[in-house]
Structures are given as structure tokens and as C-alpha cells.
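To keep things simple, chains are lettered A, B, C, D and E as they appear, and every chain counts its residues starting from 1.
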Amino acid sequence: MVNPVLLIVIPLGLAFVVPFFGFISKKIEKFIPFVALFFNLIVSLRLFPRVLEQPVHVSIGGFVPPFGINLVAGPIGILFTVLIALVGFLVSIYAFDYIKEKDQEKYHILYLLLLTGATGVVLTGDIFNLFVFFEILCISSYSLVAYFGDKTSIESAVKYLIQGALGSCLILMGIGLLYGQFGTLNMADLAGNIKSVHSVSIFVPLVLFITGFGVEAAIFPLNAWLPDAHSSAPSSISAVLSGIAIEVGLYAMIRVVFTLFGASSILTFLMLLGVITLLIGELCAFCQENIKRMLAYSSIGQIGLMLFALSIASSYGITGGLFQLVSHTLGKSLLFLAAGYMIYRSGSMNISSFEGMGKRMPYTALAFTIGAFSIVGLPPFIGFPGKLMIVKAALFEQEMLYTVLIFFILLATVIEGAYYFRVVQALYFKEEKNTQNQKREIAPLSILIPIFILTGFIVVIGIYPKLITDVLVSSASELLNRADYIKSVMP
Amino acid sequence: MVMNTILEIIIIILLAAIIGLFFLGLSRKIMARIHWRYGPPIAQPVIDIIKLFNQTSMSHGKLFNFGIIFSLSGSVVVLLFLPLGEMCPLSSSGGLLVILYCMLIAPLGLALSGGEAANPITSIGISRKFLLAFGYELPLLLILLTVMTHFNTISIVDIVNMQLQTGWSFQHLPLLLSGIAYILILPAILDLRPFELIQAPQEISSGPMIEYGGKFLALATIQHAFNVFISLSLFTNLFLGGAENPGYFFLKMLIVFIILLFVNAVTPRFRIEQAIKFLWRWPALLAFAGLIIVSVTG
Amino acid sequence: MNLIILLAIAFGGALITYFLGKISQKIRDIFAVFISLALAVIAACFYNVSSREIYYTGFLDFPFVLRVNTFSWFFAVTIAVIGLFSIIFSLNYIRKRGNTDFYYSMMLLVIASMIGIVLSGDLVSFYIFWEIMSWSTFLLISYNRGPAISAGMKYIIMSVTGSVVMLVGIVSLYLHYDTLVYTELSGLLNNASSGYILFIIILFFIAFGVKNAIWPLHVWLPPAHSEAPSPFSSVLSGILIKIGTYGIILLIFVIIQINVFLNLGEGILSVRYIISIIGVITILIPTFIALLQDDAKRLLAWSTIAQAGYIILGIAYGTSESVAGGMFHFFNHAIFKSLLFMVVGAVEYRTNGVRDLNSLGGLIKKMPVTFIGGLIGICGLIGVPLTNGFVSKWLIYKTLILNNSPFLAFAALLGTWGTILYSYKLIHNMFLGQLPEKYEKIKKAPFSMQLPIVILSLAIIFFGIIPGLPLHVINSIESGFGMEPLTINIWGIASDTGTINMLNIFTAVLVIGIMVWLIFKVSKKSTVIGQYDNYAAGTTVPKDKYNYSVNFYDPLCRMISPYLKDFIDDFYMSLARSIKNTGNGIRRIYTGDVGHYVIYIILFLALLIFIQINWELW
Amino acid sequence: MDRNKLGKWLQSPGKMGQKYSLHALYFCTGCGIIEIPPTITARWDAERFGVIPVATPRQANLFLITGYVSVKTLRPIIRSYEQMPEPKFTVGFGSCPINGGMYWDSYNTIKHLDKYIPIDGWIAGCMPRPEAVFVAVTHLWTLIDKGMADGYKKYREDYHYYRENQEKILGKLEWPPLFSSKKM
Amino acid sequence: MTFLSEYIYYIGAFGLIFIGLYIVLVKKNLIKVIIGLSIIDTGINLFLITIGYIRDGTAPVFSKPGLKANEMVDPVPQALVLTAIVIGVAILALAISLAVKLYKHHGTLNLRKINEQKW
């Protein structure tokens, strides 16, 4: 009998055990996240078939909802769990050779905490518990951004912290307001009580939540921390931040909007916001010379696209948005990992320093290229079905607004293509200026394995999207059917 | 049937050669008379050709030879598309459009031949040839399209036959305009002044023909004779009702040609830009007006 | 044979080629040639086969269908054969360059995806192959580095723009009719409103127009074609842009039926006329721009755009004859344009990358076979009778004239005369005139280059004399589209309104040519002299200085060049610049001052509350 | 003038053609050129005899050396003469090409042109009038008739001699020998 | 005055929040900004407590009979506040330690001057 609690408990426990292993041998430390996340991956995959039939509920301490804290492992929760575990697992392999600084155990502790927080956010059914996990996620990511301890990373971490802390305060205030009115913290219970968001007393918490989670989800104009943080964190952490952290923020936001408030009237606004985020992210990325900032701005754009798709709030739209989310998680993690190692070798984050990398590091460059093509949405990679589904969802609405917006989105895709192709050209078609180190430097296996696995997923799902679409459809129905959610938590 | 066709072909070629050479000689004679000179005998071009065939010649290579053969055969082939009275051996093979394209072969051949001669002046001449051709093709295309649209056929035989029923093309207003335009561009087609830019002996030493001596020059002269015949015959067929009988046909061509010769005798030469500008202005405008009228009135 | 096997060979071959190259260069070369030969042979085997199969259903409930009929067979065979020749041509051309494995596998991938495009029977798999073709082409265009990088960039951006727009069209069709399989889709649009059909046409035309380089969307083509490796240029120009043509035919004749298409709009404002006019503009402007070019490949690139205009004109005009002309011109253009690119490539190969027309000359003495190829190529391009280009152009002109569209015909014909000018310049400046001394030691092109050149030249003449063979195929394609068939015979066309019989012309030219040749032969033999024994007013010809090729058409160019600035390109470039400037401006909002960021958060919150309190939107 | 006798044309078309179609290349070496324009234009009209000026040596068969020949102009004269197709005829104009004339003691003038290229006929005088030119043409006709206008044959036979003289005065020539002579 | 006495805690709570916001928005010094964040935190904590607080209520423990549930102070906010305080302290500690590092690198704590990472 696998229990969703294990998904949180095991990594959390192991995180604090890391220093003790450190007493035994410094070399074991780095395998702890590997083990923990492998376990998580297995458990969540085991849970999958069960969850698809019926969401799994766990009441902590035997309290029945709405009184105790409960975990709700619905399809969407498990989907996120699998993603988190998968990417976390691969990034932990990547970290074997990538993280070489002396404070390794801190890295691994914080890394595990980050993923625990993310897992907690997606699994919990209690709004305050969500906040707590969210804070775990945030605090560990603040510290991980500062991990290198150099000038830029500290600066970014401080800025991230100030904005993030403000966002958390707003969430907490929202929770307080909700609790003051309904006297409960269980999301299903709250949802059952909230009939409309029209009154100010309901609306203000909604707005507070949107803003608070929006900071973490990097919605425009709350996303100023993201380029700094993503570009100055270690690349493995950038991959996790970009691939998981902001998606979890988006998840929280969507969960709140759909399930907690059922606020269908604000969705148009969110959709516009998504398109604006997309355009601004892509435009900013278009002008970047720093590869990691470019990828970071691209993440902003992708988040905007997901927000747009999710805000369409039809089955097609949410499926498309979630597909895009999966593809972005895989693709952007791959890009950060591949770019990270190339940065590690070339010693500079400037795009021009990547010139000639296609010859020096053929596999990494190939993986980067595939990731870039996938993000742009070229078949046969995973980005294409996502794009197709989003276009389909938008056009399905048969409204002029959607058609216009879809053209803006496609314009953004073209801009995105422009800057990604520029990097691809730099990799393959520009001669290296520094002719001395022309020799091939194949990356170590621990770097290549996660990159290859991610590449494999991108290609396989790109060719065979049915692999995940079933899950996505049931996830979408979970998000859309608010009444079912309430009923299943509180029968 | 086949013998008949072969006979027709031979007659047409011989007739064209004779008329063409006669026109060349005539042009020299008439020019001389206009200059108040006695002038050479009418048969002077024939004498020249006989002499040239008896001379040795220098060749610059295979393409130099091939070009002139290609050019002359191209001209001869065009003859077969033009109706001479009832005779038109290739009437069923594409009509006026093919004539238009086959008229290309001759300059192309000369150009290739001159190109291999590796003389820069040849290249200048070729360049001028193509530019001038581009200059007069624009009105010429408009003219031919006017005619084809007016009669709604692309077959030149049909055009001639319809003129027999409805009278000469000149009697219809749009075709009158294009006929005038055609007369304006005829000197350019025939390399007469004021468009005598291509050979321009005083300026670029006879241009593409600069390396031609002996039989090359002879063939080139024959080709020029055919060219004269073709251009005049095309005009006559399109606008002056074609050949009701050969003598009449010849007379029409002669009158047009003499008009051209008078112009030739009294005008100086354009520069190439001036020529193109002229050709793209007046003849093109006239022809364009004709085409608009035709396409509006259906 | 099974269609899926054909595709598997194509894609698998591309992949295996890459890894074979790691083992041995020689085996890889042989394998690449073998694969492309196999593709050509297998594709040819599908003649007159009409089959259809669903081969994959795992993609978002869209069934993937492969189908073959005469229409797709025609394109597939052309693609495979031209691909084969350009691979053969590559053998020597690419040998000394780096990254040859990459080159061959990408080349095969491009060919494979093109075959995939023409064989796919539904729009989603069409789109997937389309995009694979786009990015693999992008990778190959940039292969030469240097200026090729920006060329590749231009290409891929325009291509992606086009294809995303097409994606909207495809999805819209799916949502309206719930299927994307051609056979089910065709005829469904009969009842659609003309506004919707117009919407679909515009969306698809942007995508196909980018590939086919229709006039305002052509700017990627000149740099891409001129900077790509020459064998690939011949693929690009010969067949890749024709995939756009394929798409247009598919759109007009299969998805929207021809009778629906012809009835869209009235008179001069009908869709058919507008597209024809665009086609005519595509003929005229690039023709004149090609006149101004000094780079051999760039000249050919502009010429490609112009010729694509003929194809569009023929197809969009929509009569049975013009469509036949357009399709035949596609076939012919594939042959002679790839031939010409190969000729330029051979010269480029022997002169170490010189393709500046002003510095070449006189190569006919050194590379005679290449010259003959080039000569026949430009004859085909011009449409000299007895070459294949003639018949197709004749068909287009004829139908334009007889259907009372003289102005379209005029523009198309004028384009032909422009074609003469630039194509003669091409051949003159490369092969004729004086041979500069630095090229005295050039050898003739290697066999692997001469072979495709010779075969393609022969094909031009062959199909020029026997146009009935391809026209027969085109005829059955047209009857498949439900158009009235042409009355053709093996030598040409015989209809009431105008006949053409290439046999007559061929016989006449042959007999007369032989006669003239005999006259030439029996008269006194001429002595052969060298290029320095030349008239120069009595002086000796100075070496290297006595070559008139710079500014060949200077008088005309001076007249027209002020009007021919490529303002479309300027427009796109300024668009790109303004997007970049916008981006640069927008990113200033991330000031780096955390106080501002906090203000953003608070303002956002305040804005949301303000909206609700003021207007109660939610 | 037997131009209109058809029998003769049929008998020897080559000779007749050469006689009545003299395409002249005139070389403006000196003052003699001033007599050419009246000769070929309306006043005296050389064209009635079939004599017309042409632009290039390739098309010419009559070479008129009009006036004195300096060392500098000798080189183009030789070049042009060699480029003319055979049969070709040369006529020296005035006394200077014959023996130097008034430039008999000039260091820079060629005194005997026939040492360098074969000359078929001379027109004496300083300068000869156009009428003299016509006289020369009719003389040339008789020479052609008798087969005595064979300067080009002499040039071919004695190329060794001419080339030697040419090289003596001009130094090394840029062009290769026209005929591969056994003696060379 | 009943209004004041009824809502005094709310006023205090929101007052603290707005003071904190003001500090975060206006002050340049990082330490002051951190203090501002802390004050916001405190204000929210006060707010949470106030929600569950009932005037003259008792502790939510049935320590003697006769206690009614609706007279009890709600215990949940207090638990929340405890957690929130812990989180707040964590953030505070992290922020302070980062501030120290920041000072080492930049030699200043003026946030307006620390803007290397931008655009």
C-alpha cells in the first residue's frame, strides 16, 4: 500500500539526515537526493493507476476533513508529483559532477527541501498547508539562488527574497481573510462555501492569492525576480526553478482560481495577462546576450502561454495548458542542464562564447538544439503537440478575441524561434574565436545521462503524445469539475 | 503531301533569301540616291556574299561556329511559321507565340558566337543587342497581344484569314494604334537608324560581328537578310492583310521598308538609354492604349 | 511495395548515414547515393498506383494517413530524382569540407521529409513533415557559415511564421469539419461561406507563399539560395520551393475544389485574379532585380522567385491549360534550375568558391561540358523552343491570351524577356569572354559533377521534344481533380484553339540546321585562333584587362535600379529592428531596483481591486 | 568593268567577287586619310565600285596605308594585316610609304613599307587625289584578274623574311608567328 | 467609541501592514526593508490572531464544565500564527544573512545602488 504521505515524508526526512551521512562519508551525501527522488518517482508512478480511477485522500492524524490537514492526490497532483520527481531525479544525477563546491551538503539539503515543498504544494488539500509548503519551496530556492555566494547571486537572492516574502505575506493575508469569513482552511470546504466572487470580501482574498502566487509563478508584472534568480543560480537549480518552481506557483494559482473560488469571470483577465506575459517575456529574451537570462525570459514567456491556455477553461484549453507545462518542464530543464554544462566549460554565459560548441561538445549541443526546437514547437518534438492543442483550444471557442490572441501568441512563438535559432547557429555554424582548445570534450556520463533521458522523453512524447494525454484529460476534468472535487473530499 | 510541304519550304526559303537580299541591296541603293550618290548595284550584297564565301576565315572555337549556324537556322525556322499566302508549313505548331520565341534564337546564336570571340567590343555589342531587344520587345509584346486578343486566336494563319473577311487590321482603331507603334519600333528590329546601335561601325566596330570574316560574315549577312524579310512579313501579315498574292505582298513590304529607309537616311543615332526611353515611351504608350481598348471592348 | 516502407527507408537512411560516416567516409557516400537511388526507384514504382493507408493513430486522435495517387507520385518522383542528382553532385563538392556526415544526413532528411509531405494524406502529418523540412533546411542553409548564418536566420523565421499561420488554418479546418484527411475533407468546403474560405486561403497562402517565395514573402530566398552549398541550392531551388507549389495545388484543388475556388469573388476582384496578379508581380520585380545581380547564385535565386511566379500564375489562373502549364513548369523548373545551380556549383568548385560574375570569364575552354549544361539550362529557363520550358510557358500564355487576360500575359511575356537578359549575362560572364590568366590551369569538372549535369541537360531537351510524357501524367492529375482534360499527344497539344507539335519544330530545326551546317562545312575551312589574336585596333590584346563583363547591362541598370530597391526586404528588416527596439525598451521595466519591483506588485494588487470596485467586472 | 557579265561570274566567282566587293580597311597613319572621306562619300562615291569602308580587319580585304608610317604605327599595321582573311590586298598611299618621301631622313619613319608587309600597289603623289585612288582600284582589278595581286601569298611564302625585318625594327613581337615557317 | 474598541486590533493590524509596506516601498536601506517585511509579517500575525479572538473569551480547552464552544477563542489562528512566525523568522534570518553577504560584496546596503542585475 503506497501512501501519498510518503512522497512528502521521505524526502523531508532524508533532507535532514544528509548531514549525518556527511559524518560517515562526504561522498554519500550526493546520493541522498538521488535515492529520495528515485523513491518518489517509484511511489508516484505506483500511485498513478489508482489515482486515475479515483483521487486518493489522506487525512493526517486521522482528522476527517474539514478539520484536519488532508492530502488530495488527484490526477493533477500526481502528474505534478511525477514531473517533480522525474526532473528532480535527473537533476540530482546531474549534480553528481556539477556541484563541486565545498558546501555540498547544504546544496543537497536545500535541494531536497525545495522538491519536498513543491510536492507538498501539489498534494495538499489545505490552504494553509499549501502556504507552508510554498514557503518551504520559496525559502530553499532563495538560499539555493545564493548558493554560489558571489556578487550576482547574492544580489539576485536578496531581490528574490524581498519580492517573494512580500508575495507570501499577501497570501497569508488572503488566508486570514478567508478564514475570518468561513472559519475553515480546507480547500474543499472553503470551495463549498464560496458561491461567487462578486462581493469584495471574497474578491479581495482572490486578488491577494493571485498576486501572491503570481509572484512565484512569474506573471507579468510580478516577475522581475525571475531573470536575475534563474541566471545567477547554479544551472541545476535553474533547471529546477524554471522547470518546477514556477510551474508549481502556476499550479497554486490555478488551483485557487478554479477550485477554491471557481472564479470563471476573472479568467478573461488572466488570459490577457498571460498573453502580455508571453509577449513581454519573448521580447525581452529576444534582446538578451546572456544565455541564462535568455532562457529565463523564455520561461516567463512560456508561463504566459500556459496561463493563457489554462485560462481558456475548457477541457481542450486546460489539457493544452498542462501539456505545454509538461513540455516546458522537460524542455526548459534540458536547456538549462545542457547550457549549464556548456557554460561550465566555456566559462562565460555570453551567447558568443557558445560559438563552435557543436564541435567541442557534440552531444550536449545536440541536446540543446533538440530542446530549443521543442520549446519553439517544431515537430517531432514535444513542444509541437502542446502548441497544436493550445491553438485548437483557442479556436474552439469561436470568438474573435481568441483568434486575435492566438495570432499574438504565434507572433511570440516566432520571436522565440528567432532567438533560439540564433543560439543554435552559434553552436554549429560559427567558428570558435579561440582556436586553441578545439579538441572535443565529451561531458561526463553523469551529465549526459539526464540530458539524454530528457531528450528521449521530448522525442518520444513528441511522437507519441497519447502517453500523457489521458492523464492530462482527467487532470483537466479534475480542475474543471469543482463540485466533484468538493464531493470527493467531503462526501 | 510531304513533297508538297518540302516544296513549299524550299520556295519560301528561296523567296525570303531573294527578297531579303534584294531589300539589303535596295537599301544601299536608296541610301546612296538620298545622299546624291550613284550607289552600288542592287546585287551588291550578293557580290559581297560570293566574295566572302571565297575568303578564308578565322574561327575562335566550336561555339563560334555553332553560334552562327544556330542563328541562321533560327531565322530560317521562323520563316516556316510565317504564312506566305497559302503557304505556311508549320502553321499548326504554336502560332504567333512560337514565332515570338523563335525570333529569339537568332540573336542568341549571334551572342553566343560573339561571346566566344572573347572580344570586349563584341560583348558591348551583345549587351546593346539584348538591351535594345528588351526595349522594343515591350511594345512589340503589347502589339502582338493586341492583335491576338482582337482576333482571339494565337494562330497567325487565322489572323490573316480573318483579315481577308473583315479587312485590314489597320481599319480597326486599336490595331491602327498598334500598327503605328509597330512602325515606330521596326527600325529597332531591323537595326536601322535611329536605332543602329548594335553594329555601329564607327563606334564599336560593328559590335557582335567584329570577329566575323569570310563565311561567318556571309552567313551573318544572309541572316540579316532573313531578319529583314521576317520583320516586314510579320508586319504585313498582321496589319496589312497578308499575302493575297505574292506580288502584292512584296509591294506592301517594299513600301514600309522604303519609309523606314527615309527615316534611316535622315536621322542620327540614339544612345542606348535614349533608344530604350523612346521605345518605352511612344510606341509602348500607343500599343498600351490599343491593348486597353481591345481588352475593354472585348 | 508499401508506402510506410518508403518513408522508413527515407528517414532511416538519413539517420544511418550519419553514423556510417563515423565508420568510413567512402561507405557513407556509397550508402547515401544508394539510399537516394532506392528512393527514386521505389517512388517511381508507385506509378499509376492509388492507395491510401492509415499508419499511425497515436497523435492526439489525428489519424495519420499516407496516400499515393498520380498527383503525389509526380511530385515524389521529381523530388527523389533531383535529390539523387544533387547527392551525386555533392560527392566531390563537399568532400573537403567539414561536417560531411551532418551534411549528408541532413540532405537525406530534407529529401525524406519532402517525400513525406507529398505522400501524407492528412494535414497534421503534412504539417509535421513540413516543419521537419523547415528546420532541417535551416540547418543546411547555414552550413557554409559566414553570410549563410543570417540567410538561414531569415529563412527559418519566415518559415516558422508561415507555418504557425498555417497551423491556425489547419486547426480551424479541423474544428469546422472534424477531420483533416484530404479525402474526407475535399468537397466539405463547398457549403462554407466564402468569407471562411477566404480566411483559410489567406492563412494557407502565407505559409505556402513563404516556401514558394511569392512576391512579398520572398525575401528569405535570395540569401538562402546563394549562401547554401550549391548542390543544396539546387535542391532548394529545384524542389524545396515547389513544396509550396504542392501545398497551393493541394489547397486549391483538393481541399477547396476548383469550382469553388473559381467562383470566389467577381471579375478583377476575384481571388483567382488577385493571386494571378500576385504571381505576375512575382514574375516581374524579381526578374528585374536579377538583372542587377553580380553574384551568380544570387542571380539564379532571384530567377527562381520569378519562375515560381509563373507556376503560381498558371495554377491560380485555374483553367485546365494554365494549370497544366503551371504544373509542367514546376517540373521543368525543377530540372533546369537545379541544373543551373549545379553548373554554378561546378564552376565554384573549380575556382575555389568564386561566383562573382565580374571576375570570371572564358571558362568554356576549360569546362566545356559544364558550359553546355549551362547553355541548355538557360535555354530551358528562357523557354527556347525544343527545351522543356517552352511548352509550359506556351500553355500559360496561350490560355491567358485566349481568356482575355492580355495584361497578365503581357507581364508574363515581359518577364521572359528579362529572363533572356539575365540568363545570358550569367552564361556570358562565366563562360564566354576572355579567360583570365589565373584560371589557365583549371581542370574540367569531375565526373560526379558532370554526370548529373549531362543527364539533366539531356532531360531538358528530351522533355522539350516529347512534352507529351509529363503532360500525360499532368493530364491524369487534372482529371483526378475533376477538371476537363487536355487533348494531348506525345509531341504536344492538339486543341481547337491552338496546337503545338514539337516534332514538326524539331524536324524543321534539325533539317535546317543540318543544311546550314553543310553550307558551313563545304565552304572554306577556317583556321582556329586563340583568344589573344583578337581585334583591338591593331594593338595586341592586353591580358586580364580586356574583358567586358562588369556592369554588363549598365545602361538599363542605371535606368531601373532606382526603382528596384528591395523595399520589401527593408520593410522586414525594419520590422525586425523595431521588434528588437521594442524588446530593448520593454526590458527597461526591469530596472534592477527592487523598490520598483515592489511597487509593481503593489500596483498590480491595487489595479485588480480598483477594477473590481469601480466596474465590478468580476 | 565586267561586273555585269554573268558568264564571268559563273566562270570564276571568287575572282569576280574579290574585284567588285573590295571592303577597305584604311589605316589613318598620316595625312593621306584626308583624301578618304571625299573618296567614299557623295562627291566621288567609291561605293559604286563596291569599295566600302569596314570597321575591322576581319571583314576587310583591301588595306589602305594612308600616308607615312612611323615605327610606332608599324606594329598595328602588321597586326591588322595579319588579321585580315585571305585573299587580301594592300595599297600604299602617297610617297611616304614608298620611300619615306619628305621624311626620307627621319629617324622614326619607315622608308620601305614593303620590307615589312607585302604591298600590291602604290599610289604615288603627295597626296594622291581621289581620282588616283580609283585608278589604283581599277589597276588592282586587272591585277586580280591576272592573278598578280598575290601579296598575301608572298607573305605566306616569305614569312621568315618579313618577320625578321619586323623584329629587327620593332624588337620582339608580342604575338606568335602567323605561319609556322620551316626556316624559323 | 465602540467601533474603535471593536476594531482596534484590526486597525492595528492593518496599520502595521501599511507601515511595513510603506517602509518596503520607500526605504533604500536593505536592513530597513527587511524590518519593513518583518513589520508586515507582524501585522498579518496580529490580524490572524484577531480573527479568532473573541472579547472575554476563554481558552479553547474544556477545562471545566459549562464552557461553551462559542465563547472560546478559536485555536486555529493561533496555530497558524505560530507557523507563520516560524516562517517569518526563517525568512528574516535568511534575509539578514544575505544582507551581510551583500554588504561584503557591494560595500553598501543601498538598494538603489545595487542594480547590477537588470534588463
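Criterion: a contact is a pair of C-beta atoms (placed from the backbone, for glycine too) under 8 Å apart; a residue touches a chain by one contact, two chains touch by 3 or more.
Small disclaimer: the values here were computed from a predicted structure and weren't measured.
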item: Neighbouring chains shared between chain C and chain E, ordered by label; value: A
item: Contact-graph separation of chain A and chain C, given in steps at minimum; value: 1
item: Chain located farthest away, centre of chain E as origin (C-alpha); value: D
item: Chain whose Cα centroid lies at the greatest distance from that of chain A; value: D
item: Nearest-to-centre chain - CA centroid comparison; value: C
item: Of A-E and B-C, whichever chain pair has more C-beta contact pairs; value: B-C
item: Distance between chain centroids, defined by C-alpha means - chain C, chain D (Å); value: 59
item: Length of the line joining the C-alpha centres of chain B and chain D, rounded to whole Å; value: 36
item: Chain centre separation (chain D, chain E; CA means) in Å; value: 118
item: Centroid spacing, where centroids are CA-atom means, of chain B and chain E in whole angstrom; value: 100
item: Chain D, residues touching no fewer than two other chains; value: 56-58, 83
item: Sites on chain A at which at least two other chains make contact; value: 158-159, 162, 166, 227, 284, 287
item: Multi-chain contact residues (two or more partners), chain C; value: 533, 535, 537, 587, 590, 594, 598
item: Chain pairs that touch, as defined at the top of this document; value: A-C, A-E, B-C, B-D, C-D, C-E
item: Chain C to chain A touching residues, read off their complex; value: 58-60, 124, 127-128, 131-132, 134-135, 138-139, 142-143, 145, 148-149, 152-153, 156-157, 160-161, 164-165, 167-168, 171-172, 174-175, 576, 579-580, 582-584, 586-587, 589-590, 594, 596-598, 600-601, 603-605, 608-609, 611-613, 616-618
item: Contacting residues of chain A [partner chain E, same complex]; value: 128, 132, 135, 139, 142-143, 146, 149-152, 154-159, 161-162, 165-166, 168-169, 172-173, 175-176, 179-180, 183, 185, 227-228, 231-232, 284, 287
item: Residues of chain E defined as touching chain C within the complex; value: 21, 24-26, 28, 33, 111-112, 114-119
item: Chain E residues touching chain A - in the complex, by the definition given at the top; value: 17, 24, 30, 33, 37, 40-41, 44, 47-48, 51, 74, 76-77, 80, 83-84, 87, 90-91, 94-95, 98-99, 101-102, 105-106, 114, 116-119
item: Contacting residues of chain C [partner chain D, same complex]; value: 532-533, 535, 537-540
